[in-house]
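Below is the structure I would like to discuss, written out as C-alpha cells.
Labels run A, B and C following the written order; every chain starts at residue 1.
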C-alpha cells in the first residue's frame, strides 16, 4: 500500500512537470494554432541560464526568479522576431520553423555548456517526509507545490486581470479583439513569454532528478505532448489534468506492469498519443473543431 | 472652421483583386447620424471596413482632419471609433460582463468605468440579468444589444454600425434604435449606420448616402429623401 | 527566336538530357580520382538522396508532414542488418526486402494517419521518432540492444578491380539512379498529379474522383519504402547499426534536407543530400555543436527567404537569367 501511495505521489510530481509544459503548449496553440516543437529545448536552455546564475554565486530563489523573467523576455522576443514572419504561413512552414528553433537551442546549449552532465541543485530539503507511515520525497512534494502555485497565479491572471482578459480575447477572436483596440500581435508575444516562463519553471524543477544536459527534456517533452493531446489542445484545464493523469499512469504502469518497466516508457507515451488522436482527436476536454468546407 | 469628424475622399477598396469601392466620397459632422443605404453587394460594409482599416484601400480617410490610412485597426479604435461589425463579433466564450469590459479596452482613461457599466445596464436591463452568462448563449437580439453596449463602453466619438437590425424582431430593433438616438443626444456619439432596412434608418438618421455597386449615387438630408415619393420608390423600394 | 535560343541553358529537353548524362559520367569518374573515404562520403550522399526523395514524395508532393521518417530508415537498416547477420543473406537481397517491409509498414501507418491533420500528424510522427531508440533497445534479441549489430563490408563482386568503398559507391549510385528515374515518372504522371491535388485542395480532388484515402496511404507506403531502402543501403555501407544512430535528430535531419534541397522537387533531394552530408563535416571544425546550429539557422532562413529550397532557388535564377539574356519582348 505504501508503494502505491509513493508511486501516486511520484506520479503527481512528474505529472506536475508535464502539466506545466502541456499548459505552455496549449496556451500557444490556442492563441496561434502553433504547436511549439521547441518547447522542451527552450525550457532546457532556460535551466542552463539558471545554472550559470547559480554558478556566479546567486542564491537559489533569486536565480530562479531571474531565470523566469529572462525566459519570459526570451519568449516574447522569439514570437516577435522568429514566429511573426510565418504567422499566416502554411502549417509546414511553422512546423519547420519551430523544429529549427529546437535544433538551435539544443546545439547552443551543447556549444556553450558542453554535453557533459551537470548536477543541478534542488531548493528543497534532502530528508524525506514521513506522512502517515508513507515516506515521500521532499523534492517531489516541492515540485507539486511549486507547480500548483504557478498554476494558481496563472489562473488568477487570466480570470481576474484586464490584461489576462485581453489575452484570452485575442486568442479566441483576433478580429473582434482588434475592433476593441487590443494589439493582438503583442498579446501573442505575451503568450509566448508566459509559455517560455512555464517551461523554465518545469526545467528547473526537473533538472535535479534528470541532471542537466542538452538532451534532458526530450523524454519529458514527449510526455507533455501526450498530456496535451489527452487533455485536448484547446483546453488549458485539460492540459493540466492530462499532465497529472499521464504522470500517475506512467509511474503506476512502470511499477506494476513488468514487461513495460522503464525501458518502454516513450513507447507508451507514443501509443497514448496515437490512440487519443485516432479515437477522440479533440482530447478529453477539448472542443471539437468543425471544418468548414 | 472645425474639420468634419469623418471625411472620406475618392475611397477605393479591394478584396484581393476584386474592387469593391470605386471612389466613394462623403463627410460627417460631429454629433450627426448618417446612414449608408443600398442593396446587397453595394459596398456598404466595405465602406465601414475601410474606415476601420480592415481592407486594402486607396484614397483618403480623415478623422478630425487627421489621415488614418497608415494606421492599424486597433489604432483607429483608440481614436474613439467603435465598429460593430456584420455578425456582431461578440466574444462568444466570454461572459456578457467580460465582453463589455473589453469594449472599454481602447479608451484613453478608465475613469468612470463603473458608471458606464451602470449606464449600459440601465439601457439594456437584460444584459444585467445575464451578465455572468457566456455571450454565445444569448439570443440574437440580446447579442446585438451586447454589441452596441460594447461599442458604447469605448466612450466613442464615432460608432460604425453594420446592419444592426439583421435577423431581429421589430420590437427589439426599435428598442436598439431608441437607445442609439439616446446615445447620440445624451452622450454626443456620432453614428455612421449601414442598413438594409431603409425605413428604420431614415427615421433615425439626419443624412443619407445611397451606394450602388461601389459608388455614391445619391445623398442628402433624410427628411428630403423620405418625402420624395419617386426616389423612395425607385431606390428604396417602398 | 526559338525557345532554346531565347531561354537559358536548361530550356530544351535535349540540353537537359545532355547535362544529366554529363553529370552521371562525371559521377562515375569521381571514385577513381578521390581518396576512398570521399567515395564513402559520396555513397552516403546517394543514400541520403534516396531517403530524402522518399520523404519529399510524402511531405513535398503530398503535403503530409512527417517528422518521423527516421523510423523507416531504422526499419530498413535493421531489416538488412538482421538478414545479413542472423540469416547470412547477401546484401543485394536486403534492398528489395527492406523496400517491401517498409512499404507495408508505411502503408499501415498511413491508414490511421489519414485521420490526422497537418499539425497532429507532425506531432504523432515526432513522437514516433522520439520512441524509436527505446523500441530498438527493447527488442534486444533481434536488434542486439544498445550494442547494435556489427556487419562485414562487402567486397566488389565478380572480381572487379574496385575496392570496397568504390564498389559500394557505384552500388548505391546505381540504386539511386533507378529510384530517381522511377520517382520522376511517378511524379510526372497521373499519380503525381493526384498527390499534388490532394496536397493543395483535398476536397476538390475528391470531388474530381481521386481516391484520397488510397492515394495518401500509398504515398506513405512508397515514401517509407524509399527511406527504408536508404536505411538498408546505409547498413551495408557503414557496416554497423545501433539504436542511438536512429534518434529524433535523424528524422529532423531528413526534414532539413528536404526543405533545404527543395520541397516537391526530384533534384532537390540531391541538393539536400549534399548539404546534410558535407555541411556537418565542414562545420564540425568549428565546434561539435556547430552543425546543428547551422542547420537550424539555415532551415529558418530558407523558410523565410527561399521557401522552395535550393532547387527552387536555382530555377528562379535560371528563369531570371533567361529573362535578362535576350532583349526581345517577353512571351
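Convention: a contact is a pair of C-beta atoms (placed from the backbone, for glycine too) under 8 Å apart; a residue touches a chain by one contact, two chains touch by 3 or more.
What you see is a predicted model, and the numbers here were worked out from it, not measured in a lab.
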Chain contact topology (line, ring, star, complete or other): line
Pair joined by more contacting C-beta pairs (A-B or A-C): A-C
Most distant chain from chain B by Cα centroid: C
Chain centre separation (chain B, chain C; CA means) in Å: 57
Distance between chain centroids, defined by C-alpha means - chain A, chain B (Å): 43
Between chain C and chain A, distance of the C-alpha-averaged centres to the nearest whole Å: 33
Touching residues on chain A, where the partner in the complex is chain B: 162, 165-166, 168-169, 172-173, 175-184
Residues of chain A touching chain C in the complex: 33, 35, 37, 82, 85-86, 89, 91-93, 95-97, 99-104, 106-111, 115, 218-219, 221-222, 225-226, 229, 263-267, 269-270, 273-274, 277-278, 281, 293
Chain C - residues contacting chain A, complex: 59, 63, 65, 67, 112, 115-116, 118-120, 122-124, 126-128, 130-131, 134-135, 137-138, 203, 248-249, 252, 255-256, 259, 263, 287-293, 295-297, 299-300, 303-304, 307
Chain B residues touching chain A - in the complex, by the definition given at the top: 52, 54, 72-74, 77-78, 82-83, 85, 89-94, 98, 101-103, 105-107, 150, 154
